[in-house]
Structure formats: structure tokens, C-alpha cells
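Next come two complexes, and both contain chain A; in the first it sits with chain B, in the second with chain C.
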Partner chain A sequence: MIAISTALNGILLGGLYALYGLGLSLTFGIMRTVNLAHGDVIVLATYLSLLTTQILGFTPLMSLVVLVPVMFCIGYGLQRLVLNRTLKDGMMPAVIITFGLSFVIQNGLLLGFSADRQVLRQGAVETMGVTLAPGLTLGLFPILTLGVLLVLIFALQAFMGRTLLGRAFRATSDDPNTAELMGIDGRKIYGLAMGLAFAIIAVTGVIMGIRSNFSPFDGPARLIFAFEVIIIGGMGSIYGVLAGGLILGLAQTIGGAISPTYFQLAGHLATLGILAVRPSGLFPETIEKG
Partner chain B sequence: MSENRSEIEPRPPMTAAPYAREAHVALPLVLLGAVLVALVSLPFWGDGSLQRTALEFFYFLALAQAWNLMAGYAGMMSIGQQAFVGIGAYSLVVFAEDLGLNPFLTIPLAAVVAMILALPSSWLLFRLKGAYFAVATWVIAETVRLAVNANIDWLGGGRGRTVRSLGQFDRHLREDLGYYAGLALALIAVFGVFFLLRSKTGLALQAIRDTENGARAVGVETRRTKRIVYLFAAAIAGATGALIYIVQINVRPDAAFSINWAAYVIFIVVIGGIGTIEGPILGTILFFVLRDLLEGLEAWSMLIFGLIAIVMMLFAPKGIWGVMNAHRPVPLFRTARKLPARFKADEGEA
Partner chain C sequence: MTKLHMNRRQLIKATAATTLFAPSILSARRAHAAGGTLRVGYISPRSGALSQISESDGFVIDAIRSAMGGKIDTAAGSFDFEIIDKDTQSDPNRAGDMASDLIYQDEVDLMLVGSTPDTTNPVADLCELNGVPCISNATPWQSWYFGRGGVPGEKTFTYTNHFFWGSEDLLEVYFGLWNGLETNKVVGALWPNDPDGIAFADAELGFPPALKDAGFTLVDPGRYQNLKDDFSAEINAFKRAGVEIVTGVMLPPDLATFMAQSKQMGFTPKFVTVAKAALTPKGVASFPDGLGANLSGEYYWGPQFPYTSSLTGQTTEELCAAYAEATGNQWLQGTGYVHSLFEAAIDTLKRTTEVNPEAIVEAMNATDLDTCVGHVKWGDFAVAPNVAKTPVAGGQWQLTEAGEYELVCTFNDVAPEIATNGTLQEKVW
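Right, the complex of A and B next:
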């Protein structure tokens, strides 16, 4: 029974990790660069939700009505006003700029909200459990998280596969120069992709804040989890994110069941193991161009 | 076509001095001599706090040169050099505490250990490119940190260990030895990079920096060249790690493997000027000045460092040294090669 419970909890934790990875996978798939502030942006979204609940009296989930458009605009603005300026110089400027941004966000949050750990209060749903069998109870909210993840993944897949804008996204990802010749404004596509990623991050941030407490310096660990999800699942693949999240979640819970100090270590070792045997992940979709 | 064919006919042999050599070659030498005399004699005329600041300057300079060689020349954006700083620190613990070696002797040993451990990690990392390489270096650093953290019996776990054997030295002797070790390390880093860049490997590196695929096309062994650079940078970081904890004595995994080592070094190279030897030197000086100005501001200072890095990348991606050299270049370390005369035939301003 302990084994089943460990496995199920690993899968549910994996749902959260896949959410971390989803936004990062989207931007990597299209812009081919990693936003090193990804984790800090998740934490920023959590704090913005906290602020909304305090000022407007919303519940954290209600705050998404405000948060999703706001985060979309922040992401769009960041890409169009800052990151797009450095496109022609390769990936290094974007990496350094987002690394700098990571320190700006962490310390800005520290100045604004102090280092105390906070939590988003959604009410009873946080602690409710679902009993599957005697001695096997799973948290309701982690199950809901997995549901949200699946909805987002299917919606994103449908958007990419079925809509005109999604096709423009894929075209820009495959070959930005040729896409440009077909009348697609690559800079705008990059802006929209970052905006969309930030909108997904808004949802991720609120869910993270309800599930656990948080502090201004929690971002880097989230970035690493998100990155590991993509390394395991395969670059640029949306379904790969799901697989990557589940494997990382399982690895951590199994490691943690052996000894609490092995919790994160097991996840890192699983990632490095995948990297050793399948360098482009389990389900790679984008091909790394030289 | 006939013109081209005549080019293939006997060529003038490569000149003995392929480096651009102009009138002001004396300036860098005089400057270097003066700085060296000042630094070597510093313990005799400077006070303790100046000496400690200078030592800190040396190890940031060594780390910055090593990182710049990796990122600026070989295109390997690492944010995981703290792995080797920490490995150097724990080499000190193991060699000096467990095996009873002289702590100062552990500095070169730490470099060797870091290099040996860098080899397997390069097998994993070199499968990745660009931004993925960057995050993967960090994952490896985190993995090592957590592995050390979990190792309570031997390495002290999260609480770390203290290098007690440093107590055998008188405090002044320890500080002076540390200072000269730091000076030697900084000089090895600066001139190691300098001579590496002037060697055949350096030519390959500068070709990789300009265009990696082009370099491979003309027969540069890019992977081997990158591995040499990666191992060199790991060795420097390892030696630096041992040196830092000879001064600080208490080795804790969270501090020794802190991402801040990478962050400060990236900041230094970005403000100074990436892809030059002078850039990291200038950057380290600017970093110390800025840190002094922002002292006591804690969170604000880190926020300002982050903002400066962003602004520099947007408006002066070649750093302050690049801005200073934009119109009339005065290179102190000559690593750029002079174009042989036969390539200048059509004056294409190549």
C-alpha cells in the first residue's frame, strides 16, 4: 500500500512540475532560448496573486481573472521591449538578461514582501482528501492540479495544431527567416509566445501558492524543476512535458521515500541519467540547430 | 581564376611574429611591471584590510578570467562553476583535515581534483548547446551540493566542516601565504588565458567564437578545444575554492556551492567586457568599487547588480572595455592576430 501511495503521490507531484515546465517548454520551442528567470516569474505571479487577494479581497483562484491578463502583458512587454532587441546576437544576451532579471525579481520581492514565508489561502479545498481505499488518501487539490495541467496541455496542443496563429508559432519555431518571408512578423510571434507563457505561469504561480508556502528566493529551484521536466520529456514537445513531469515527480517521491535527503537528489540523478542515454529527451520534437 | 592559381604558388613562410605589433607595445609592459611591483610588495606597506580585499580581488579575477575564456571564447555559457569552487573547498577539507597535508599544498591538488571530476561532467554537458548547456551546468552543481549535503558522516552534511589544521599557522603567516597564493593564482589565470589564446588552441578558440560551424568546416576540432577550455576553467575554479576556504576556514555546502559565485563572476565579465582579457580585469575593479558604494544596502545592491547586467547587455554588450576601445583600440594583451599580407590584396578591410 505504501508503494502504491508513493507512486500516486509522485504522479500528482509530477503534475505540478509539468505545469512549471509547460511555460518554459513553450518559449524554448519557439524562441530557442531559456528564460533563466522562469522560476522567479512563477514566484512573482504568486506574490501578485497574494497582493490581489489582500487589496481586492479575492480568493487566490478568483485573482486569476486579473492575473492572467496582467502576466500576459508583462511577458509580451518583456519580449518586445527587451529581449527582441538582442535577437541577432545569438542566445547569450537573452541568457544574461534573464539571469539579471532573476536577481531583480528575487530582491524586488524581498524588499516588497520581506523574507517571511507566505501562503495563499483558498479555503477548505486545500486540505480536502479523496480516500481511494483504506489507508490510501490523496489530496484533492493535487488531483485538481493534474486536471488543470491536462486541460492546459490539450488546449495548447489544439491551439498549436488547429489555429492560424498556432501555425504561425510553429512556422516561426521551424524557420524564422522563411516564416518572415511568408508575412509572419517574428518579433510579434515571440512577444505573443512569451505573453502566453506568462499567462500559463500565472496559473502555475497561483496553484503553487495554494499548495505550499513560498518566499522570494524559491524561484531558482522552480526553474531547475522546469528545466529537468523538459530535459526528460524532450525539447519543444508538449506531451513530453507531461511525461517529464511525471518521471521527475516519481523520481523525487521514490528518492524521498528512501531517505528525505535524497528527495531532490533523486530527481537530479534521474535527469542526468536521461541526459546520458537520451540527450534529446524521451519525445523530442524540435531539432537543435547548430 | 588565373589570379587565384598564382596565389597557390609558393607562399611566403608564416612570419615569426604573427601578432599585431604596433608602436605602443611598451605601455602595457611598463603598466604590468608597475602593477606587479605594487602587488608583490603590498603586504609590506598595506594594512590587513587592504591585503584581504586584494586577496578577494585575486580570486574573483581568477574566476572571471576562467569564465570569460569559457563563455566569451568557447561559447559555453556556464552558470555552474560553483560546482568546482565547492569541489575545491571540499578537496581542502579532505586533503588537509583527513589526510593531514599542508593546506597550501592542497590548492594545486584541488585544481587537479576539479579537473578530474570535470571530465565526466563534460561528457554529459557537451551533448547540450546554448541555454540548455547553461542550466545543465547548474543542475550538476546542485547535484554535487545535495550529494555533499546528504553526506553527514564524512563531509559534515549541511553543517559542513572546519579546517582545524590551519590553526598550526600564525595568523599573519597564514594571511601572507594566502595572499601570495592568491596573487599566483590570479597571474596563472590571466597569463594562462593569454598564452592559451596565443597558442594554436587559441587560434582555434577565436575561430569558434567567430563562427563555430565555419571553424569546424576548416578542420578545427571544436569539441576537443572546448574540452580543454572547460577543464582549464574547472581547474582554476577548484584552486580558487581551496584558497577561499583557507581564508574562511568553515566549509559549508550551501556557501561553497552557492550560485552567487557564478552570479558575481558573470556580472564582472559582463560589465568589464566579454571576450577580452582586459574586460574581466576592469570588471573586477568595477565590481569592487560598486560593491563598496552599495555596501549595507543588501537586497538593493543585488537588485542593482541585476539591473546593471540587463542594461549593459542591451546598450553595451561588449562591456565598459568595449566602449573604451570602440574608436581607438589600445589592447593591453595582444591576442588578435595580424592578417598575413597575402590576404590583404584587395584591401577589403577584412
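Right, the complex of A and C next:
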């Protein structure tokens, strides 16, 4: 029963990690640049949700109604007004800009909210449990988190595979120059992709804030998990994010079951192992350009 | 980009020169209190994960400032008196930085520091290194003494003194609390990988041997990393062993994560007795879903303490009432220890015959003072002469009829002068 419980808790934790990785995978898959401020943007979304709950009296989940469009606009604006200006210079300037952005967000949040740890309060759902069998009880909120992740993944996969815009996203990812010849405005696509990634991050941020507490400097730790998820799953692959999250979550809880000291170490070892055996991850989607 | 007037190589040279030579220039400290001012530095975690402990710091410092009126009369003459307070943001590295600032820039004559080893230890180490007198408290003395490499009879400290209770007192308090109700005596431990956790888990000087001697069975899953998202491994281990008592020394956010997940997974022990995590009424109220109710732990200061401030003459009850009146909040345990830190500091400075570190240390070591947390006198505690022991009792956070959580003193065998004012109850989930 302990083994089953450990495995199920690992899968549920993996759901959270996959959610961290989803936005990062999307931006990497389309723009081929790494958003080093990804973790800080998650934390920013959490604080924006906190602000919304305080000002409008919404519950954290209700705050998503405001937060998703706001975050979409921030992402779109960031890409169109800042990151797109550096496109012609290759990948590095964008990476460095997001690196700087990471500090700006951290210190901005520190100024606005102090270093105190905060939490989003959603009420009884935070502590409710679901009993699957005698002695086997799981948290309701982690199960909901996994559910949200699955919905997002399937919706995103359907969007990419079946809609005209999704096709334009993939075309720009594969070969921006040829896509441009076909009448696709790459800059606009990049803006929309970043907006979409930020909208997903809004959901991630709220779930993270309800699940655990947060402070302005928590971003980099989330970025590491997000990175590990996409390294395991394969750069730019949407289903790979699911696999990466589950492997990371399981590695951590199994490591933790052996001894709590190995909790994080086991996750890092799993990532290193995959990196050694399959450097491009389990389900690589992006085509390597020469 | 505008060009710098210095090329890269010159810049590196200049930076290296400043970093190399700055300390030796700055460490030539002033010999006398410049301009007739005595400066006291105070470092505490005002924000961040530990901020709950320091919530009343501002109130205490204001009260001390107004009690002193910016002047102090010492055996070496009259001086202006200044308190410079710094926030560590609950980060031990930043605590060290703040101590450097106070030592090198503000050139404080006496350093004060409180609240957890992550704050006291880096600051005390820097003071010891730079020969600046330092008084600390609100850290169990083992974490402060052994955590800084102290060895009884061999290595002791010259410039740094400490007053608080230790894990041996905490153990007695915890055992007393646990024996107050019928349990199977199986104890699950949550000791993190930080100086407190390591000191508590020590196989010779920590909890494990004492638990065994007192007839408790210990389930220790191992050191965990602070601020983690998942405690399912620990909870499973506790469930499997039938744990009815959970103890530990945790950061408040970790205890919140642990209790929420415990309830989710259907683990409901009779006791949750955790040091450091449940110290303020607001903190206890902020646990998810009312899980703060009936948390038990140390009662390390409060209106049940029968002492009086040597500085203002206020009783503990009056100190608590003054805080409640000034802020509208319930009294806090932290108030007493911050207040007593300044009591000890001002008493020391008043008796110093010269304004230099050696004379201040001499006055500090000769302290024999009744403070609002109890009697402070160094040299009586054989294991570590730098440590003075103060009393502690046991208590529980109970929900009052007004819907507030109040810390009720329920166990006082260790320090009978502290009166109990309630009966112990089982943890509610």
C-alpha cells in the first residue's frame, strides 16, 4: 500500500512539475529561445492573483478570469515590444534579456510585497482528501492539478494539430523564413506564442500559490524543475512535458521514500540519466538546424 | 552603448584593489566612541519565512528608544545612544552582510541578534572574528554553541554571549505535554537539514537518546530540505509506524504544507508539537482550514511569566498589554526576548568603565540582571560559560470563544514559577 501511495503521490507531484514545464516547452518549441525568467513569471502570476483576490475579493481560482487575459497581454507585449527587436541577432540576446527580466521581476516583487511568504487561500479544497482504498488517501487538490494539466495538454495538442493558427505556429518553428514566404508574419506568431505561454503560466501560478506558499525569490527553483521536465520529455514536445513531469515527480517521491534526504537528489539524477542516454529527451519535436 | 572611461583591465584591477585592501583599511576601527555616541546594532529576520517571530521588533525598539531618550549614562561617562536595526530577510547570508555593515560602516559598540540559528550564528561568528561584543538570544543554546564549533572545556568564545534555554529543557517540556494525554508513545520526527534540525536530531546530544530514555519510540525519516512541496514520504512512514505524536523544528510554511497534506492523506495524530513554526497568533490562524488549532509547543515567554523589565519596570502582563494597545494585535512570545536583549545590552553598557570592546566584554560577562524573561547571569552554566539559561514552559494554541487563537500555558514542571492557565487538549483536524 505504501508503494502504491508513493507512486500515486509521485504522479500527482509530476502533474505540478509538468504544469511548470508546459509554458517553457511552448516558448522553446516555437521561438527556439529559453525564457530564463519563466520561473519568475510563474511567481509574478501568483502575486497578481493574490492582488486580484485582495482588491476584487475573488477566490484565487476565480481570479483566473482576470489573470489569464492580463498575462496573455503581458506575454504578447513582452515579445512584440522587447524580444522581437533582437530576433536578427540570434538566440543569445533574448536569453540575456530574460535573464535580466528575472532580476527585475524578483526585486520588483520584493519592493511591492516584501520578502514575507504568502499563500493563496481557496478554502476547504486545499486539505480535502479522496479515499481510494482503506489506508490509501490522496489529496483532492493535487488530483485537480493533474486534471487541469491533462486538459491543457490535450487542448494545446488539438490546437497545434488541427487549427490553421496552430499550423502557422509549427511552420514558424520549423522554418521561419519559408513560413514568411507563405505569408505568415513570424513576429506576430512569436507574440501570440508568448502570450499563450503566459496565459498557461497564469494557471500554473494560481495552482502553485494554492498548493504551497511563495516568496519573490522562488522563481529560479521553479525554473529548474521546468527545465528538468523539458529535458526529460524532449525540447518542444507537448506530450513530452507530461512524460517529463511524471518521471521527475516519481523519481522525487521514490527517492524521498528511501530517505527524505534523497528527495531532490533523485529528481536531478533522473534528469542526468536521461540526458546521458538521450541528450535530446524522450520525445524530441524540434528539428535541429545546422 | 556609451563608452566607459576605464577599459576592462583597469576596471578589474581597480575592483580587485578595493576588494583586497578595503577590509584592512576598514578594520582599523575607531578606538573611542566617535562624537560621544554609543551605537548598538540589532539584527533580526523582520521579513521572509521567519518574519512572524520578529513581528513586534519595531514596537520594542521604539519603546526602548523612547525609554532611553537618545542618552545613556555609563561608568565611563554620558553618551548619545543610538540603535541601528537591520533586516536579514530570513537569509543567513544576508545576516552576515548586515553584520558586516554594522561592524565596518556603522562601527557599532555592541551587537544584538535574535531569533533562530540562521540569524544568530552568522552574526555572532562575524562579531567573534572582528572582536565586537555581541549578545544573542532566542536560539536554543545547543544550536548556537555547537552550531558555531563550540567544544565544552576546549573551545569557547570571547566576544559573544548568549541567553536562552536549550533542547534539554525543550525535551522535558515536550515529554510533559505528551504524557498529559493517553497515547501509544510513538513519535514521528520532522527535522530539516538546517542547524536546528541537525542539532535536534543529533544521536548523542539531541532528541533520539532522550526519547528512548523517556520510553518513546522514534520514527525519524531523515533530514528534509526546507521549503519543499511534498511530505508524502514522511506521512507514509508515520502512518505505517502508527505515529500518534508528531514533533519537529520547522519553518511555518513547511508545517502548513505538512498539515494540509496530512489531512488530505487521512493522517491525524493526537499531538503536533513543533518548535519554531507555531509562535504567533496570526501565524497559527494562517494555517489552512483551521489546522492551527491545538498545536502544542514551547511557551517561552508571555503574561504567565512572573517577571518585570529592568528597563521600564513593566511586568510581562503590562508589556503584553502595551503591545496590544499599540498595534491592536494579540501579545507575542517574541516581544519578551527582544525586550530582554536590550535590557541586557543597556545594563552592560551602563556598567562599562571604558568604551572599547574589551571593557564592554568585561561588563557583559559580569551581568547579573533580572530581566522580563528571567535571570541572566553568565558563567554559572558549566558546559558553556558563554551561555546563560532562562526558563521555558509548555503550552497549546487553543481557540477562544472570540474566535482567536491564544497560547495557553498548560505545563510548568520545568519552571514552576510560570503559572499554568489551561488544560491540554487533543489536536483537532
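Note that the second predicted complex is superposed on the first by the 290 of 290 C-alpha atoms of A that agree within 3 Å, B and C clash if a C-alpha of one lies under 4 Å from a C-alpha of the other, contacts with A are read in each partner's own complex, and residues count from 1 in each chain.
Everything that follows uses one rule, which is that contacts are C-beta pairs under 8 Å (C-beta built on N, C-alpha and C of every residue); 3 or more make two chains touch, one makes a residue touch a chain.
Bear in mind that the values here come from a model prediction, so they are computed numbers and not experimental data.
Look at A:Ile97: by the touch rule set out above, it reaches chain B but stays clear of chain C. With both structures placed on the common chain, the touch criterion links A:Ser259 to chain B and to chain C. Once the two complexes are laid over each other on the shared chain, residue contacts for A:Ser212 go to chain C alone; chain B is not touched. A simple residue count on chain A separates chain B from chain C, and the partner touching more is B.
Contact with chain B, but none with chain C, is seen for A:Gly108 once the two complexes are overlaid on the shared chain. Looking at chain A, you'll find residues 259, 261, 264 touch chain B in one structure and chain C in the other. Residues of chain C that touch chain A in their complex: 47-49, 51, 89-90, 193, 221-225, 228-230, 232-234, 236-237, 239-240, 252-253, 256-257, 259-261, 263-266, 286, 288-289, 291. Listing the residues of chain A that touch chain B in their complex gives 28, 32-34, 36, 82, 85-86, 89-97, 99-104, 106-108, 110-111, 220, 223-224, 227-228, 231, 235, 259, 261-262, 264-265, 268-269, 271-272, 275-276, 279, 288, 290. The residues of chain B lying in touch with chain A in their complex are 71, 75, 77, 79, 123-124, 127-132, 134-136, 138-140, 142-143, 146-147, 149-150, 212-213, 259, 263, 266, 270, 274, 299-300, 302-303, 305-310, 313-314, 317.
Residues of chain A that touch chain C in their complex: 2, 5-6, 9, 13, 16, 114-117, 119, 121, 123-124, 126-129, 131, 135, 137-142, 211-213, 215, 252-253, 256-257, 259-261, 263-264.
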